[in-house]
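By letter and in written order, the chains are A, B, C, D and E; residue numbering begins at 1 in each of them.
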Amino acid sequence: MAQNSRKPGYELVKGFFKENPVLVQLLGICSVLAVSNTVVNSISMGVSVLFVLFFSSLVIGLIKDLIPNEVRIPAYIVVIATFVTVADLFLKAKFPDISKALGAYIPLIVVNCIILARQEAFTKKNKLLPSILDAIGMGTGYIITILLMGIIREILGFGSIFGVKIFGSWFKPILVMILPPGAFLTLAMLIGFMNFITRKSEEKKL
Amino acid sequence: MNTIIISLLLTLALGLLSGLFLMISFKKFYVQEDPRVEMLLEALPGANCGACGYSGCVGYAEALAGGKETNAAKCGPGGQEVADKVAHIIGLDTVSIVKRVAKVMCNGTKENAVRRSDYDGVKSCRVADFTLKGDRGCVYGCLGFGDCVNVCQFGAMFMGDDGLPHIINEKCTACGKCVEACPHDLIELVPLDRKVFVFCKNLDRGPVAKSYCKVACIGCGLCVKQAPEGAMKLEKNLVIIVDAEKVDEVADKVVGVCPTKAIALDEKFAEVKTV
Amino acid sequence: MAKSTFKGGVHPPYCKYTTGKGIEKLPVPATLYVPLSQHTGKPAKPLVKRGDEVKKGQKIADADGYISACIHAPTSGKVRTIIDHPHPVLLMSDFAIVIEPDGKDEWFEEPLERVNWQESSPEEIVNAVKEAGVVGLGGAAFPTHVKISPPKDKSIDTVIINGAECEPFLTADDRILQERAKDVLWGAFLIKRAVGASRVFIAVEDNKPLAIGKVSDVIKEFPSFELKVVKTKYPEGAEKQLIKALTDREVPRGGLPMDVNCLVQNVQTAVAIYEAVRFGKPLIERVLTLSGDGARGAGNYLVRIGTRFLDVVEMTGDMSDDVIKVINGGPMMGISQYTLEVPVIKGTSGILLFTQKTARRFEEYTCIRCSKCVDVCPMGLLPLMLVDYIKAGRFTEAKEKYGLSDCMECGCCAFVCPSKINHVQWVKFGKQELRRSS
Amino acid sequence: MNEKNLVLSVSPHIRSEESVKKVMWFTVLSLAFPAASAVYFFGLYPLLVMLVSAFTAVVAECILLKLRGRDVSQCLDGSAVVTGILLALTLPPRFPLWEAALGAAFAIVFAKQFFGGIGQNIFNPALVGRAFLMAAFPVDATTWSPTRFMSPDTFTGATPLANFKFEKVLTPYKDLFFGNVAGSMGETSALLIILGGLVLILKGYVDFRLPLSYIASVFCFGGIMWLINPSKYPDPLFHILAGGLMLGAFYMITDMVTSPITRKGRVIYGILGGFLVVLIRLFAGYPEGVMFSILIVNSIRPWIDRLTKPRVLGEV
Amino acid sequence: MRPLIIFVAAAITNNFILTYFLGLCPFLGVSARVSSAIGMGFAATFVMTMTAIITNLVDHLILRPLHLEFLQMIVFIFVIAVLVQFVEMVIKKTSPSLYKALGIFLPLITTNCIVLGLALLGAMRNYNLIENTFFGFGAGVGFTIALLLISGIREELEVRDVPKALKGAPITLIIAGLMAFAFMGFSGIISLQ
């Protein structure tokens, strides 16, 4: 494990599962809960996060040596906020429906803990290439999680995927899945499941 | 165009103002932190088992960084690798450590040790011992409720059918949790290559001890005579190994004379237990 | 009469089968085992050695330190040895002086009435009590001479004679009141004199009409004495609860009765004090109740200290074969024994022999927070939280937040618990852990 | 002298006859009262719902215990059955069976076993199940049917509370008291619920302070509002007889596990719950507030316990 | 009346945590102990009230007159970042124990969506200064209430037999989910927007 961390490939994949930002590091939970009620919303949100994460890491990776340590957080945030504004304006112009559905949660990507936390925990200490790989990995991990949530919640809550009904008329949607409690419980189960698997694999290792 | 200029100016002004403000505040409220603590924490395994004697890995790391602790090899689970890393970080010499394992110093199996009563209560060694002195005749021996097994984080212990806890040497990290858990201090951390042990902690007089446990040390002292001078001693009806290396050299002799087999070779003990 | 009581408590089945059985004197057994540790505090130091001849009432072990008490030979005979022997409180073997009686039962010093014993000074009373080795006979066995000589900064105004005997099955105190009410009151008189109190309460539970009748007959001769009938409820006889019920004073947390100017003594202790002061008679025997559904000869017996439980059982008519539990004391706070070899000591108020029917075994179930334990706790604690915290190993929090050290282990919580949680065992364990860590 | 070892245990050596199983199964038995009213007014179907719900609850408990590596026999201690039946009693009389089963399973898994099983849950499992069904199948969970003694033509498809809230129609007290009204299968008959509750109180399994303070609090707060504006708000008697208040007061808020441990705490708990009932009934979007009120006080309960710790004897 | 209604709505009926999912990161970490929950609650309430005031001023005095609404987000987050870092430094200096308890979460108030969400929502709803102050304060109080309730529950759960895999974040989310069920009862009491 310790040796692996130096390989660039590892920086990319670790975010998918092993260090999944949402399920393992418990970052960015707010947006995962809030906009994962359908698959389309989930994908839009996920891609936006990936976009912002990638460019923020890129820019911050480039300029990190110039920023004094004391004001780094405000500086990071300005960079992040810039890209979020871009993403927000883009969505508003090209996909007004989705932009409406995601509401304030796109601007709130700025404060999505994932992005700032990655800058603080990784980009700050590492070289540019690993940082970018890390950003892509974490962003993908976020997409995986939010997509999973979206799929589960849409299937159970609406009986559909991408808005297409997949069950016959016999299926009765469990509406609660698309409400706040459903979001909390689904995510709790995913994290619990993740913990369970991690514990099991650790036990095996010993 | 106008908008762009105003935006730029505004952001710039805000940035300047806040930057200045923060710099001043920072100077005023500066608190010193040791960066090595974080490095140490990364090096340590993070099991928070407490084998080092501190409250978790953080405690150990802080003590090391603060210079209060100078032994880099205190981390049981981490082994040599971690010890080297830690030593490197704080600039100490590398210390080599021998693999140690926990060992239960009691052979009071269901067959060997007599029960004095029919215990009815909380199934925990510690509770049973502190409140009722346990249900076995020998109040020094294993109580058999498996407190030690329950605290083992590494799955290295299990309760055998014979009523005693057993240790899987390969999994044992010598973290010492079980040592603390045992109310009778029966578990010791010993080097893996040691051979001879006294599997008894009974301090009663010989006949009394014998009356409730077949394999009790009766304090006869025969083994002491076999061992080199000063390698073993008799204290409160119990034989104690002072110099393990010397005793191991005469292992067969020492073990051979014991009338109750309280003192035994480790392998032999393992055999007895699996029978 | 308004019956005073306290908050909480339970009503276990009382089973006072032996209340009508007169006190019978048991013969001296073939061997006596007199433990050196019979009281709270340091064990006594032996004054005799193997092979010594001793006489009845001869001091064979001396008090070691301030909180300790001396021990006397229960009969005349020869000291066989001093050896480890099962102890009825310590749950393991401890030093005991083994005496082989010679059958003559000769006094070392015949108890004779002292002149002007009623006018004894406080010092004389305390001294006589100390020399007689009297300890609290209610069960706690705290050296009495310490209790009746309070430090100078504490004044005692109320002496309470505890005849509440709230433990089920036990009737020894009840019988003492019925048969020796006057001696009890004389004892109380001496205690009052020793501590300079102004009034004496005799507290009796309202389920002992015979004792109440006897006491109210003789109490007229004692001015400033008052008979207080209290409600029958367990643990009415606990010191703090009794004080609260009778005087409405509350002993402060971690404090002693003398902090609220009270002194509580058991009825048998009062008798022992009376005998010690009037006749100089040492404490070598006590009245105890033998009962329980496994006892064939249930009754109240005057037994020599050092008589093994086994001898008591055999001399009174054996026990049924299916006895599975032997208890030293009452069923609520008594100590179960692993062998009948244990001897009667000064604090042994009863021997209970239980069969499967009474001494049921229960599996501990999860707490369902029914909070019955909270309702019955006479100390106002939260037993369920205590157990939760002790189980989690958080002993200091259990002490600071939930008053672990305030618990007196009366067992009300465990008695009512539908989940059969062993509260008392957990609490004892928690206190032990606290002691270790400090 | 027998050869067997004596039993060694810590005092007390005698115990009361109570046990968790007894408490739970007795509660099940006392549920026969409201269950009887369900059968009397709505036919045999409610019985089926109860059976399915109780059965699912037990099965779910059994599976979860097995997965968690705990003693599986615990699933028969009666607590799961109580949860199952109570959940069923709060459902509309024609509620689909599979949905009831889902609710029961949800209740056991999420509200009980995930918190550590019996005695460790924070929220009342039956009500969590009910809230889940309410959110999952809002239409089914609010579709009422007439009793066997009401003519289907006059039936408006609404409970007395909804009737009042949306139509300003009061239901006669007699019907409310005996239960000849639309509503959840077990909540309609105040009389039978009180009987069942009294049995529990007399047996000592329920502290009378809980139902009393809860009902009294609803009565008072409802009464205050009624006095302020009698034409807009219903009278307090209607408040306590209509809807699930009785069932909530005697069977839900009294749940040992989720209610406060001190007597004082229980009174505060009941008063708070009653206040919330009136608040939700009169001002919120829902006609009924019993379920929500109890779930909310459930979540406040740790603080009530914290703040009502009894005084230790001798404490100043 | 209106500021008061806004306050109650933000604190209880439209609780930020239970209905908007805002502010969950510190929520998961800090809700384990009551003592740290209280500290965090106060810190967050303070920051949120201050944020509400300052962002409102900035919005109304600078951005709107200049028609720079699209800069709202950047400016707001900037203001918040500065504010929080200032608070952090003050606490670090004045109360090390509080700093230790709140640990990593103080800087995370910056990245706490609840603060930015509050500023953005306030601007979106065109609250005036007083309304926005009450809005910020109410949201802070609501956050504190949810934090206190859940920390009370979680402290009890510490000594209970919660399945190992669910300990920590998952069980907290489950509690939040069940509480969201309960708080559904309040819907409709006061409606905003």
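Please note the rule applied: a contact is a pair of C-beta atoms (placed from the backbone, for glycine too) under 8 Å apart; a residue touches a chain by one contact, two chains touch by 3 or more.
Just so it is clear, the structure is predicted and the values come from calculations on it, not from any experiment.
Participant: Show which chains lie in contact with chain B and also with chain C.
Facilitator: Joint contacts, listed by label: D, E.
Participant: Count how many hops through touching chains it takes, at the least, to reach chain C starting from chain A.
Facilitator: 2
Participant: I need the chain pair with the most C-beta contacts, please.
Facilitator: After counting contacts between each pair of chains, the winner is C-D.
Participant: With centres defined by CA atoms only, which chain is the most remote from chain E?
Facilitator: Computed centres place C farthest from chain E.
Participant: Tell me, please, which chain's centre (mean of its C-alpha atoms) is farthest from the centre of chain B?
Facilitator: The most remote chain is D.
Participant: With chain centres defined as C-alpha means, what is the inter-centre distance between chain A and chain B in Å?
Facilitator: Inter-chain centre distance comes to 42 Å.
Participant: So how far apart, in whole Å, are chain C and chain D when each is placed at the average of its C-alpha atoms?
Facilitator: Computed from C-alpha means, the inter-chain centre distance equals 48 Å.
Participant: Taking each chain's centre as its mean C-alpha position, how far apart are chain A and chain E in Å?
Facilitator: 21
Participant: By the touch rule stated above, which residues of chain E touch at least two different other chains?
Facilitator: In chain E, residues 74, 78, 81-82, 85, 160-161, 163, 166, 171, 174, 177-178, 181, 184 touch at least two other chains, as defined above.
Participant: Would you pick out the residues of chain C that each touch at least 2 other chains?
Facilitator: If we look for residues of chain C contacting two or more partner chains, we find 91, 324, 338-339, 361, 366, 422, 425, 428.
Participant: By residue number and range, which residues of chain A touch two or more other chains?
Facilitator: As it turns out, chain A has residues touching two or more other chains at 74, 78, 179, 181-182, 185.
Participant: For a test of understanding, state which residues of chain C touch chain E in their complex under the given definition.
Facilitator: For this pair, the touching residues of chain C are 366, 388-389, 391-392, 394.
Participant: Chain D touches which residues of chain E in the complex?
Facilitator: My answer: residues 148-150, 152-153, 155-157, 160-163, 166, 171, 174-175, 177-179, 181-189.
Participant: In the complex formed with chain C, which residues of chain D make contact?
Facilitator: Result: residues 1-2, 4-16, 18-20, 22-23, 74, 77, 79, 117-120, 205, 256-263, 309-316 of chain D touch chain C.
Participant: Write out the stretch or stretches of chain D touching chain A in their complex.
Facilitator: 99, 102, 110, 132, 135-138
Participant: Looking at the complex, which residues from chain B come into contact with chain E?
Facilitator: So the residues of chain B touching chain E come out as 3, 6-7, 10-11, 14-15, 18, 21-22, 25-26, 28-29, 31.
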